Amino acid sequence: MMKWNTLKYLFKEGIVGLWKNRVMALASAGTIILCLLILGMSYSLGTNIDYILKQIETKFGITSYVKEGTNENKILELRAKIAGVPHVQEVRYISKEAALSSFKEGMKDNAIFEDFTKDNPLPASFEIIVDSVEFQDQVVKELGKMPELETRYLEKETDIFIKINDTINYISWAISGALIIVGLLLMTNTIKLTVYIRRKEINIMKYIGATDQFIRLPFLIEGVVIGTISALTAIIIIVVSYSWLSNILVTELIGLLNGVTFRPIGDIMQRLIPVCMIIGSGIGFIGSGTAIRKHLKV
Amino acid sequence: MMKWNTLKYLFKEGIVGLWKNRVMALASAGTIILCLLILGMSYSLGTNIDYILKQIETKFGITSYVKEGTNENKILELRAKIAGVPHVQEVRYISKEAALSSFKEGMKDNAIFEDFTKDNPLPASFEIIVDSVEFQDQVVKELGKMPELETRYLEKETDIFIKINDTINYISWAISGALIIVGLLLMTNTIKLTVYIRRKEINIMKYIGATDQFIRLPFLIEGVVIGTISALTAIIIIVVSYSWLSNILVTELIGLLNGVTFRPIGDIMQRLIPVCMIIGSGIGFIGSGTAIRKHLKV
Amino acid sequence: MIYLQHVSKTYSNGAIGLNSTNLSIEKGEFVFITGNSGSGKSTLLRLLLKEIEPSHGKIIINNRDITKLKRKQIPYLRRDIGVVFQDFRLLPTKTVYENVAFAMQIVGATNREIRKNVPIILGLVGLARKARCYPEELSGGEQQRTALARAIINNSPILIADEPTGNLDPATSWEIMNCLQDINKRGVTIVMATHEREIVNTLKKRVIEITNGSVTKDMHEGGYDDEMEYSQVFV
Amino acid sequence: MIYLQHVSKTYSNGAIGLNSTNLSIEKGEFVFITGNSGSGKSTLLRLLLKEIEPSHGKIIINNRDITKLKRKQIPYLRRDIGVVFQDFRLLPTKTVYENVAFAMQIVGATNREIRKNVPIILGLVGLARKARCYPEELSGGEQQRTALARAIINNSPILIADEPTGNLDPATSWEIMNCLQDINKRGVTIVMATHEREIVNTLKKRVIEITNGSVTKDMHEGGYDDEMEYSQVFV
């Protein structure tokens, strides 16, 4: 195999090559950074749409009607029982009177429902907010076991939301997939070009007796270094702009949607950092390796 | 100015240069195509999210309760009047009995509401679907002028939807904007690189007495041709994949959302084609022009 | 026609190209520039072409100080000068024919003129059969002759040639030299850097010798300053 | 050591580089290849290096038919051959020192050896002061000498040189030729394409003349085949 001395030389060559071919290195790095930004953007967007829709879903509460004739003690007991169900975040009691007045208010205080006041037909109820919509079914099941309650939740509306959610997820995955492919193509395209520019150099090395491995190694090292540095740069840009943007959006705009937040940056980065690093250094390595191959055939 | 003969020559040079520098031309074209695809994708996505959400919004109908004691004739008359309001797409009449049974069904046929059957307190109503949610307010206003009706619509739910819509629009514009910038950077990056590769050639031309204009023109022509061809290619890819994808999505997935459709391809293309063409040829022209400038200084 | 006044050129890495040189070359002269490798011959020629800027001094060509030339005017200076570069500088994506025709296109020649003149010149330098070859398909000497053809096609009043026979066999070299003499007789000023002792000694033209960036000899009807017979000394 | 058997080379554009050539060069010989521009000298040398493949025939170097060499083995063939290319082929991003050192790195020399040998060779070709220059900062002759330094640094048993003195003044040329003769005396086989009549005539080595791709003369202790005195004929 290669001598230690030679390996050291080739490693140094790779590093020095970055500076000597800085125009090409910058072009590659620029492309990789921009492509990883696209990736990061599409991932952040996708995951946040998901996240935000999930939060909105939880706003669809569960309503449990209390059977006529249930006494006050029993109601207090029920309330405690409901609050004890796992994943229940909030329980609110709405008395018959409150229900009627809110119903009438909904009807804009008009004369049509006048006769309701004679004999209030509306039941008292609990409004229950679940901490995450995924557990809604589970909570509803639990509530179903209480004979004093008649539980109802916005099945249809929740369904629509879940479907929108699914669709958007599906689309955002498709888009992310497409963007990853496009990004990979763009990156290999540029790397190929930068190697193509140096084909004469590669040829010369071959003509004076260098082995393929000898020529390739510095290119691979250059590629990996460019890829890794680009990935780090992209990650920094994503972190900074994500926290900046999500702040602005949360305060300025999403504020309207009472308290919706963006996925915390830590969550995003947990996945994005390894992916960026792997793609960055991988594309640098594999891109350079394959691009150089055909120029070695002299 | 330049002679006609010279202009013809330079024009031919630009065209022939495409073939002679095909590696570089392909690299540029590839980048431009991919960037325009990103653009097209983000635009199609943004505009469709908007479009789909709009469709879902229209599913929030308007309910107009009919005052107690309005007779059958009056109801038929009202129905015709409502149907005549601009932007009303569909009117359905729900009688007192139908309202009760649907209410009870909603309550899961349970004993709590038994007493309703004695004296049905629910009013008859019209359900009105507006052709586009933007006109909902307008229609409600119109309905408010009819004294026999008590109109109500899902203001809160519609509001949430509109806010989601706004948010998603806002985000998708931000993303599109970012992608356009990224795309422009990627494209100019590659064009710069392809010109950089040919800097020696440019220098030689200058050394033997060519004017800047003489050298630049073929590059500009090359740039514009590459940009235009790339734009056309990107458009074709977008048209084909959009119609293919929207078909699949509509049938497979969006089917769940009862009859939601994607924005027709014609709509999308109406904007996307000019934008792609302008960006493609513009970036080819301006990119080449600025990239060549510094190499001309010899 | 060409005047250098106290011209110095120090490269950015400190290498001295030319060292306070004074020189005047009149219209119609045929001047050989000789000197050891690295003495500054190419530097001198590149200064005339404004390929590089002098560190000091004035360079006057056709009564104009070219160091003060505006960017826009440089191409017109260069059109007055046909050049054979030491490293040829052919356009790699153009054939021999196209490379030569390109020089005519630059000055706005008509297609008629181009179609008429290019083959004549290519015949003159012995490349008629290589017209459709790309530079990388040519031998070293053929590339050099293409560069020469490009330099003379426009009948520029000045011809600068940096070792135009360095890659040529003696027979071809003499053909080229003959051709240059003809051109010179038609009034073109020729400045040619060369190492070829035989050519310099035979033609008896003006010889300017440069040593380490300074003119050390300037003789009319001169010879190659090579008193030792190296072949005797070293073998 | 080097045997060509019926070797032909026709380039893809139809140009004939070499035409059914037979040749044998023994170990330790010093051979000049002469011939007109475009006659096929470089083609011959490039065939030996497996830079191009012959259209027909066998090329045997060190008892191996190099046309049958596997891709993996080509670098080892090339390490046995030091080369000066007609167009130099220096690595543009490496200094003179690094270009020469690179050739030693290829064969796995230690840093010690490199630090010791490179300056010696650079001194030999007169480039000690240019060690840190990049090729584009060198004069033509300096580039050529760098290429020569690279070719001889590894003491390869064969040295191929394509006009290694084409850009050099006579004095430097003779120094280089002296150096090559020394190397030859140490047993290195040298094949050198050249146009320099003076060198060929003085050194009295074997001369192979190629005309239009065919060997037309092969003389031991030969001279440049140039019976006409061109200088007399043309001037």
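Some notes on this structure:
Lettered A, B, C and D in written order, each chain numbered from 1.
One rule holds in what follows: a residue touches a chain if its C-beta (ideal position, glycine included) is under 8 Å from a C-beta of that chain, and two chains touch if they have at least 3 such contacts.
Keep in mind that this is a model prediction, so the values were computed, not measured.
Listed here as common contacts of chain B and chain C: no chain. Using CA-based centroids throughout, the chain positioned farthest away from chain D is B. Taking each chain's centre as the average of its CA atoms, chain A and chain D sit 63 Å apart.
Chain C has its Cα centroid 66 Å from the Cα centroid of chain A. Distance from the chain C centre to the chain D centre is 27 Å, each centre being the mean of its Cα atoms. Residue numbers of chain D whose C-beta contacts span two or more other chains: none are found.
For chain A, no residue reaches two or more other chains under the stated contact definition. Taken as a graph of touching chains, this assembly forms a single closed ring in which every chain touches exactly two others. Contacting chain pairs in the structure are A-B, A-D, B-C, C-D. The part of chain B that touches chain C in the complex is made up of residues 2-3, 5-6, 9, 17, 20-21, 201, 204-212, 214, 297-298. Remark: chain C residues 49, 51, 71, 74-79, 81, 83, 85, 89-93, 102-103, 105-108, 110-111, 150 touch chain B in the complex.
Every residue of chain D that touches chain C in the complex is listed here, in rising order: 11, 13, 15, 34-38, 41-42, 86-87, 126, 130, 132-133, 137-142, 144-145, 162-163, 166-175, 177-178, 181, 195, 197-199, 202-203, 224, 226, 230-231, 233-235. On the side of chain A, the complex with chain B involves touching residues 23-24, 27, 30-31, 34-35, 37-38, 41-42, 45, 48-49, 52-53, 56, 59, 65, 67-68, 106-108, 110-113, 115-116, 119, 121, 123, 150, 152, 157, 160, 163-164, 166-168, 170-172, 174-175, 178-179, 182, 185-186, 189-190, 192-194, 196-197, 245, 249, 253-254, 256-257.
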